[in-house]
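Here come two complexes built around chain A, the first alongside chain B, the second alongside chain C.
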Partner chain A sequence: MTITRSQIIKPFYFVLPFLIVIGLWELAVDMGTVSSRLVPSPSLITLKFYRLMTPEPILLNVLYMSFYRLILGYALGVLIGVSLGILMGVSNLLYRVFSPILSLLISVPTLAWVPLLLVTLGPGEETVIIAIFLGSFFPIVYNTLNGIRSVSKHRVWAAHIMGADKATVFFEVLLPGSLVSIITGLRLAIGYSWRALVGAEMLAAGISAGVGQMIYAAKAFNDVEAMFAGLIIIAIGGLLLDRLLMDPIERKTVEKWGMVKER
Partner chain B sequence: MKVKQILRSGLLFLTPIALLLLGWEVVATLEIINPALVSRPSEIFPLLYELIMPKTRSFLGHSIFLDIYTSLYRLLYAFIIAVVSGVTLGMLMGRNKLVYRFFDPLITVLMPIPGIAWAPIFMLWLGFGDPTIITVGALAAFFPIVYNTAAGVRSVEKKLVWSARSMGADEKTIFLKVFLPWSAAYIFTGIKLALARGWRTIIAVEMIAASLFGLGFIIFDARDYLRPSIIYAGIIVLVVIYFLIENMIKLIEKRTIEKWGMVRS
Partner chain C sequence: MKKVKVQAIDLNKTFGGGNDKVVAISDFNLEVKENEFTVLVGPSGCGKSTFLYMVAGFEKPTGGKILLDGKPITKPGPDRGFVFQEFVLYPWRTVLSNVTFGLEIAGVSKEVAKETAMRLIEMVGLNGFENAYPHTLSGGMKQRVGIARALAYDPEVLLMDEPFGSLDAQTRKVMQGELTRIWEKMKKTVIFVTHSVIEATYLADKIIVMTARPGRVKGVIDVDLPRPRDYTGKQYLRIRGKVLGLLEEEVMKSLGKTPRKP
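Then we have the complex of A and B:
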């Protein structure tokens, strides 16, 4: 594989605006145009990252705790969301029972559940994990359901006529037919989960470490550098989850099987 | 016939919800879970009425309408700021390649940051209350608008612009008659996303940056007094408001974008 010219130029164009902004920012703070107590310079934020890594790698613990919660909550959301979505898509009765309830609950902002979780589950891990679950559950169940229901009835009938039993129809017709939609749901959900994680970690007072907790704790000490460091972690984390995790999954499954709609 | 249909679909919609409330009531009455921690429908709905029509010494000390009003005007201000700045920058990005190249990476990285994560920084800069809540709400709503506006303007076919120009249209006419109508559907998509995002963010930021009023504030405050009924009542109000906003948008969409035939295929 040879490196083409565009492979160098593209990342360069992507990074260049950041370099310009960071440069101007550093200049503005250093020259005293902006107070460094309100806006820390990029070099101070870099120093903060260094301090978070030495002598003890606090940052690694923060990331570890956050990702641990994210994975638990998201896995729960995928498991229950996909199952319920499939059941609702297959059974008309379940669809009729659950879809009115879901259509009401889906409009509740995820973080509005957090006060309720704080009262019932306490300000600990459970609250954060369930909040992440709620954030991921709704887009997953909604997209799974839509995917299954959008599979053409004719295909199902055709499979039936050709002698396929229910299991075969499900695995050979319904599931492949709805995969694009399911993966879309999974992808949306990882973003929602990340958002729920940050918010819930800020609101749940009882957790020991986490990205959201780091920002919120920094507020008590007016530690602007830690706030900015936290924001940077959140931005990069969200981007990486989407690009490094979901992109390959989408490419390996949906695109490989040629199921993406023609554009 | 039509009345019958509406009744039927209404019944189909309401029955599961009624069953859920009934089941919930039964479970709560059996006191499987500590009753101080969970509420039940027979408490929530009377409380909701009391929140709307407060007696002299009610829990909140004011009608919940004041909180609804507070949250909604915060949303309105945030939304206006986001639309004006987002559409302007989006148009510039769509028309000018250099502007696009500069802002596109920044937006890609900043857009996924949840609104509430900005709250502590803005609280440090602007303090408690409206300035912080409105600014963070506007910031959250800004990204979908700018992103979709830029995408809309960039989707305009070059041939349309060329033909308009060859027929003697000046830049202003091209902008008003070609770019704006063509990207209207995209801008509308951005606006819809922005309203939802702004609303979510404002409720969330109210939990940490508000004082005294706001729906996010009262449901978060109720947690301190172990009054889950208030939280449930607040969530019901959130659902109703969101339902109204959503239908209002649908109506506007039908009257404008769809009527003008600008819906994206």
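Then we have the complex of A and C:
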């Protein structure tokens, strides 16, 4: 396959604004326009990353712990969120029971739960994982149930007249028909659970390492370089999770089927 | 004498209740003969689609009876096939697997299902497109898939709800010709709903003109012309004029106007 012009130009346009910002940033700090005690220069932050990797790869442990919690909490959110969403989508009774509760709880920011979790579960891993679960659960359950309920009546009828039973209608019509919405929920949930992770790690004093913990601990030493390093990890981590996890799923399903526009 | 395949006796259908009550169909009586091509025409909102939904078993009558082979229709089933105006294909299935869906449900083996589907795909003129996804097809091609899908599992009655209503005029004409050709081969009982008199006269053995809402049978016109028909033929135009005359009164009524006197 030959490399087309747009394959070079597209990533270039993505990187260009960053290069400009980093350049101006470095210049502003070096010329003393901005105090390096408040905003360290990009070169100092790069040095900080280097120190976080040698002699001990502290950063790897930090990332490992955060991702471990994220995956556990997110998986729990997907499992319970998709299941409940499906049940509420197919059963009017369950919809009527859970829908009011859901619409009330969905407006509570995930972090508002954390003090309660700290009291009930203690300042350890469980609190962080459950916070991540709560962050991912709501967008998933909400989008799953809306996806199922918005599958057109005609699509279901078309299956009924061919003699489809309930299971066939569910697996062959309702589930694929709501996939666009389910994927939206999964995608939103990555963002929400990533935020919940960082926040809960700051509040749960009992955990040993993590991105949020790293930023929070840096406060005690006025280590702004570590704070910026943490912020950069959070931003890039969130973006990568979204792209690496969700883009391939979308490409192989709803994009291929023409149910969403290709990016 | 041909057997009666679908029969409506004093059929009624009402939607909603109280102030929102809408009587879609009332005292509707109709006999559809086996292997006949019956076309229902009527002004918008006259309940012709609702009638088709009841034959399909999607909707239940609020009064009267609707029978298939003398037995009441209670639910949808594969003795009937349905073609929707908006195609209603499954975007996650290829052309081939949209067409095999009904056969899969019937428990037909994969090889036989594929063979049957390929034969139908060829018949509707879509060879080479069996692995395409619906979103890559034009409207006319999508409806060819819709027709192949409805015929694949060999239903006894084919129900078509304004199947060419969302196609452009040129494609529509082509599809009318294609449907005639397909129907001549299969000779199934067809109930076809449209608001186009041109289309009705081109396709039908029998045209049922419906009244404005609530829908009743206003008139039945037999079209005893050889196929394929000539849109400009004298006989064709005579029958078309007759249907148009009946329909015009009802269209005016549905618009709240009194019909002009000739």
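Convention: the second predicted complex is superposed on the first by the 253 of 263 C-alpha atoms of A that agree within 3 Å, B and C clash if a C-alpha of one lies under 4 Å from a C-alpha of the other, contacts with A are read in each partner's own complex, and residues count from 1 in each chain.
One rule holds for everything that comes next: contacts are C-beta pairs under 8 Å (C-beta built on N, C-alpha and C of every residue); 3 or more make two chains touch, one makes a residue touch a chain.
This is a predicted model, so every value here is computed, not measured.
Chemist: Is A:Pro109 in contact with chain B, with chain C, with both, or with neither (first, second, both, neither)?
Modeler: A:Pro109: touches chain B, not chain C.
Chemist: In the superposed arrangement, does chain B or chain C reach more residues of chain A?
Modeler: B
Chemist: A:Leu38 contacts which: chain B (first), chain C (second), both, neither?
Modeler: It touches chain B, and chain C stays clear.
Chemist: Would you sort A:Val198 into first (chain B), second (chain C), both or neither based on which partner it touches?
Modeler: first
Chemist: For A:Asn222, is the partner it touches chain B (first), chain C (second), both, or none of the two (neither)?
Modeler: first
Chemist: By the touch definition at the top of the document, which applies to A:Pro55: first (chain B), second (chain C), both, or neither?
Modeler: In the superposed model, A:Pro55 contacts neither chain B nor chain C.
Chemist: Between chain B and chain C, whom does A:Leu231 touch in the aligned arrangement: first, second, both, or neither?
Modeler: The answer is first: A:Leu231 touches chain B but not chain C.
Chemist: Starting from the residues of chain A touching chain B, keep only those that also touch chain C in the other complex, and list them.
Modeler: Dual-contact residues (chain A): none.
Chemist: Going by the contact rule set out above, which residues of chain B touch chain A in the complex?
Modeler: Counting only chain B, the residues touching chain A are 12-17, 19-20, 33, 37-38, 101-103, 105-106, 108-110, 112-114, 116-121, 123-125, 199-200, 203-204, 207-208, 216, 219-220, 222-223, 226, 228, 231-232, 234-235, 238-239, 242-243, 246.
Chemist: Which residues of chain A touch chain C in their complex?
Modeler: My answer: residues 152, 154-155, 157-164, 168, 172-173, 176-177, 179, 253, 256-259.
Chemist: Quick one: which bits of chain C touch chain A in the complex? Just the residue numbers, please.
Modeler: Residue list for chain C touching chain A: 56-58, 75-78, 80-82, 84, 86, 88, 90-92, 101-102, 105-106, 133-136, 153.
Chemist: Along chain A, where are the residues that touch chain B in the complex?
Modeler: 13-18, 20-21, 38, 96-98, 100-101, 104-105, 107-116, 118-120, 191, 194-195, 198-199, 202-203, 212, 215-216, 218-219, 222, 224, 227-228, 230-231, 234-236, 238-239, 242
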